[in-house]
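Chains here go by letter, A, B, C and D, matching the order in which they are written, and residues are numbered from 1 within each.
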Amino acid sequence: MNFCSDNVTGAAPEILAAIGEANAGSLPAYGDDALTLRVLGRIAEVFERDADVFLVATGTAANALSLSVMTPPYGAVFCHPDAHIECDECGAPEFFTGGAKLVHLPSNDGKVHADALRTALDAPDHGVHHVQSAAVSLTQASEAGTVYSPDEIAGITDLAHARGLKVHMDGARFANALVSLGCSPAEATWKAGIDILCFGASKNGALAAEAVVIFDKALAETFAYRRKRAGHLFSKMRFLAAQFDAYLNDGLWLHLAEHANAMAERLADGLAAVPGATFRHPVQANEIFVELPEPVIRGLEAGGFQFYRWPGDGAKLLRLVTAFNTNEADVDAFVDTALRHAVKK
Amino acid sequence: MNFCSDNVTGAAPEILAAIGEANAGSLPAYGDDALTLRVLGRIAEVFERDADVFLVATGTAANALSLSVMTPPYGAVFCHPDAHIECDECGAPEFFTGGAKLVHLPSNDGKVHADALRTALDAPDHGVHHVQSAAVSLTQASEAGTVYSPDEIAGITDLAHARGLKVHMDGARFANALVSLGCSPAEATWKAGIDILCFGASKNGALAAEAVVIFDKALAETFAYRRKRAGHLFSKMRFLAAQFDAYLNDGLWLHLAEHANAMAERLADGLAAVPGATFRHPVQANEIFVELPEPVIRGLEAGGFQFYRWPGDGAKLLRLVTAFNTNEADVDAFVDTALRHAVKK
Amino acid sequence: MNFCSDNVTGAAPEILAAIGEANAGSLPAYGDDALTLRVLGRIAEVFERDADVFLVATGTAANALSLSVMTPPYGAVFCHPDAHIECDECGAPEFFTGGAKLVHLPSNDGKVHADALRTALDAPDHGVHHVQSAAVSLTQASEAGTVYSPDEIAGITDLAHARGLKVHMDGARFANALVSLGCSPAEATWKAGIDILCFGASKNGALAAEAVVIFDKALAETFAYRRKRAGHLFSKMRFLAAQFDAYLNDGLWLHLAEHANAMAERLADGLAAVPGATFRHPVQANEIFVELPEPVIRGLEAGGFQFYRWPGDGAKLLRLVTAFNTNEADVDAFVDTALRHAVKK
Amino acid sequence: MNFCSDNVTGAAPEILAAIGEANAGSLPAYGDDALTLRVLGRIAEVFERDADVFLVATGTAANALSLSVMTPPYGAVFCHPDAHIECDECGAPEFFTGGAKLVHLPSNDGKVHADALRTALDAPDHGVHHVQSAAVSLTQASEAGTVYSPDEIAGITDLAHARGLKVHMDGARFANALVSLGCSPAEATWKAGIDILCFGASKNGALAAEAVVIFDKALAETFAYRRKRAGHLFSKMRFLAAQFDAYLNDGLWLHLAEHANAMAERLADGLAAVPGATFRHPVQANEIFVELPEPVIRGLEAGGFQFYRWPGDGAKLLRLVTAFNTNEADVDAFVDTALRHAVKK
């Protein structure tokens, strides 16, 4: 009954099993094994593109390494002020880029908007005195649980590319966004102009596995060196590759995300009936931001449910996250408890 | 029949099983779970010391993060020229420290020697013009397969501490060194003056797990932030912790290392009978550096054995590494093949 | 008739002369000469404090080096969004600190306010996931031409110190602020809680000279190494020292700033009579931000006056900066021209 | 009577005068003034090449910025172990490059040799595990006072370029080397394959001025941003430009170097007559490395002469440096004193 995040879970059984199967035999280290090479190819196939793919174990590594090949040390990366790269990585982008600056493009829906980017890019040029615009980072699904449509993405990437910027997508919840959109992985990424996708698996059933998918191959040239010197090249790479192998088998990754999203929808639908419930954002993936009356929140806490009271707003705003293995019964129990405490009032 | 390295292996079954067992249930992320906290305590207990312990997944991360808390950006780290931190981490120490310099202390046996360190420290002071001596890094077992005795370590750490330097031990093969020494983990580390040990498991049966054991607790203050911003804080930390849990159970880590060392000894003993075989270094852990006649080497290669011809010396020098799961029959076959081709000559 | 900035000027004759006088003879390099040592002492005396003083040639170097001893690479520095360190140093603070983040505390008057700082510091703690609050940077006089009172400063530094933060003052226009305040250098700095002052001379009559005055001596420990490795240690330090020597002689620095401020006041008083003139900020030092009717601006431009149309606001906002050598006749001509074009309308 | 270094001097009168002349009037800041633009062109003309030129104030800044555009953070820069960038810049190259590694190519004459470079480049490739060869740095004149011939330079640059490396020349004493060679500036640099020259003036009569002359213009693209964020862009750039203006007028820079070299030759010739004097290196520019009997050294010290006893070798090795303003009488007095004390023995 833990709705804190989609990283409080263990791993999907299929992925765990794949690790066991990958254990046999001596294999070349550092990713030169056949399993890894095959899996890199599979990932590129999923995106219908001859992309360069690199495996790492954490989302922070995937994001920061990606940004490091998109921006010089004196560059600026535009992002939403709530972006994971800005708020939750303890300065990893600055570390990996050698000091680039993250510049905020605020909005109410957790997404970067093309018009805000245009305003920022149209600001007077200060020449050498100011950091140079280099990249835009989008989070899909966003930290607000909202999802960019391919058209929204294209609106941003067209502008960015026209001005010489590259576009990064933090896809820690890419699977959740994709099943919400119902389009193809290619349509949601490079066909809409994305240059690098951080294709997350850790939050959707893997133990620890992220794939950096580089569509703009020129950006891949230095990646391998940067990964190594950051300590993110695994000697027994087979164990990262095996996770992705299972993740892609028979659409497992999509099924897991579909389940998580369905649970979020079920939870949101149920909570909509609670008097005083106000949703901060539309529920488009597997995150819900909902304001509930304090007695309801207390009732849920007393009932043993775990979740975050989101900072600000008198802590009446909750973030509820569902995962690949969220139990339907737990969702229903959550709703029932909420309704019960609302009624009491 | 792969003697290339101890990272071409999979994982020990006990460690793999522990990962499966750790999968159940929702747990706090980022290491706040009970399993991780318990395992950190167990590691400290193994070293009989109230140490601060941090888990990461790669040796490069462990080493570079450790050095980053020991040296300022304008510092110097003394090490053997063949040290992994110098040769095999693509500049990770420089990256994590913000530009510190690795200064070579050469020797013939792969080890740093106290007298070489003294000479370096006694060199005239160039004040602000030169990087400042900050740390010494020892590899145990060394890249030459040799092992520092506690007395040798103490000779170095006494000198280092007297001059205000900290001492790091790269223990990627710490277990192999320890069973070779036959002393306690404490005697081989902090009792001999080590400030931080990178306690490796990946090369000795884990999938990907290293523990940074900080004996000088003042060095631990900033470690958690540095680990996070380097992308090395795992959300599902349970899976790193589980590996160490199994590693320590019933002395598994020592048994695995004992086996690897025994196989190395068996292999070395066998090769000693090959005419023309010359050992470059005493075989003290699980690495053998042996010069063999070219026909013998070719015979081994033709026989399907995998190993590295070590750079330099006309490639007649081989490095042979045994592992926790090296097969006795493979060792014997290796020796037999070598002998057979030597006889022919 | 150039009102673009106080760095379009040459140097004060007294300072130029001092450079000539310092030319004679062979002297120890890198600041070990008697002149430099004497000047460092004089600067400390001006501040009535046993401070550690370091000379550099540019304000960016002074600021970035100062911040580098106040914040770890994973730290946050609070500043006004218009601060020079944020807008005009091409990421120097990020470079020198190894990637620290500048966090905005906006306001309408160009100054950081204690309540904004408190709100930021009271935000929920994200632990290791977020950069750690480390320092506050104030610009005195601010980029808006406004001046912090000692009480305002103390309000900020009390709060900062209570939370473990250090406080930096960018004093590129410190002299202008000080003569505006009418208090002592000590009262405007360490007595109000400032830990490091970048004591500017370049904008107030020097060729290129800034003194980093470190009141919190613990922050000085690593400064000399950082200055050297950033290429900011001059071999012929005498030429930086000589500038400060003359700067402090007979209160030259204060007289120069008094003149600049008086010219700003005269200019502001004159412009106040122009119909449609609106002052954005009170004129407290040597910078004026004034909105003027477009015909007036065009008339001034046609009249050969040089100044910046400030970005935003349809470019009707002008920044006018007076300097140590601004000509009274030029000021009067500026006002006359403005009035003439206003009358025409 | 100070032979410690060529940075213990003041400035040449012509250069000092030029600073005074540049003082008049208001000029655009940050190098957009006509004087600076003209001087940049003059420097390019001296080298008969459409080079990109950037002015900074210190040699460390010039060198480190140059290396930062030649090597990625995971790169290796080959240099002599005694190179200024390795020994005397407190890690500036590592700082500016984001952590590149300096790799030693030792020799007895202070110079990098092509065959040593070839051996290093022919070493087995470790792929992503090792830093990547990126640049070679030559010091002209070298730290041993020796001078590379154009042919020697070409031998190195041909090899470097064939392997994809760039070549940097630390020309802190470029003028001394050039007059020693008797060739043109172009022949000593880009015609021999140099990609970037740090063209020093500070050690040859300037107050503080160095020009980075970028012959390979692709390397210039990011230089301006890197200079700014390192705090090395001067607002009153006219004062750096004026120094170079005078430096180039009527061949002043060559005359100053000719004098320094002549004084070194005179000094060396005189000392050759001292019994027991042994020259470590041929005297080819303005530095002498000579071993003298201890009584002679003591006599010189007692006579008030200042110089360095060079580290190592029982401190009997002296480094003697002459400068643009070294007095012939002082040279003769030095020799006389040496002879007198030698005779006594």
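By definition in this document, a residue touches a chain if its C-beta (ideal position, glycine included) is under 8 Å from a C-beta of that chain, and two chains touch if they have at least 3 such contacts.
Predicted model, so just to flag it, every value in this text is computed and none were measured.
Q: Measuring between Cα centroids, what's the chain most distant from chain D?
A: Taking each chain's C-alpha mean as its centre, the farthest from chain D is A.
Q: Hey, which pair has more contacts between C-betas, B-C or A-C?
A: Contact tally favours A-C.
Q: What's the distance between the Cα centroids of chain A and chain C, rounded to whole Å?
A: 42
Q: With chain centres taken as the means of their Cα atoms, state the distance from chain C to chain D in Å.
A: That gives a centre separation of 35 Å.
Q: Using the average of all C-alpha atoms in each chain as its centre, how far is it in Å between chain B and chain C?
A: So the centre of chain B lies 51 Å away from the centre of chain C.
Q: Please output the residue numbers of chain C that touch at least 2 other chains, ranges allowed.
A: Touching at least two other chains: 73-74, 89-91, 94-95, 98-99, 128-129, 225, 228-229, 233.
Q: State the interface residues of chain D toward chain B in the complex, per the touch definition above.
A: Those in contact with chain B are residues 73-74, 87-91, 94-95, 97-102, 123-124, 126, 128-131, 311.
Q: Spell out the part of chain D that touches chain C in their complex, as residue ranges.
A: 1-2, 4-5, 7-11, 16, 19-20, 22-29, 56-62, 64-65, 89-92, 94-96, 202-203, 207-208, 225, 228-236, 238-239, 306
Q: If you look only at chain B, which of its residues touch chain C in the complex?
A: The touching residues are 30, 72-74, 98-99, 128-129, 132, 222, 224-229, 233.
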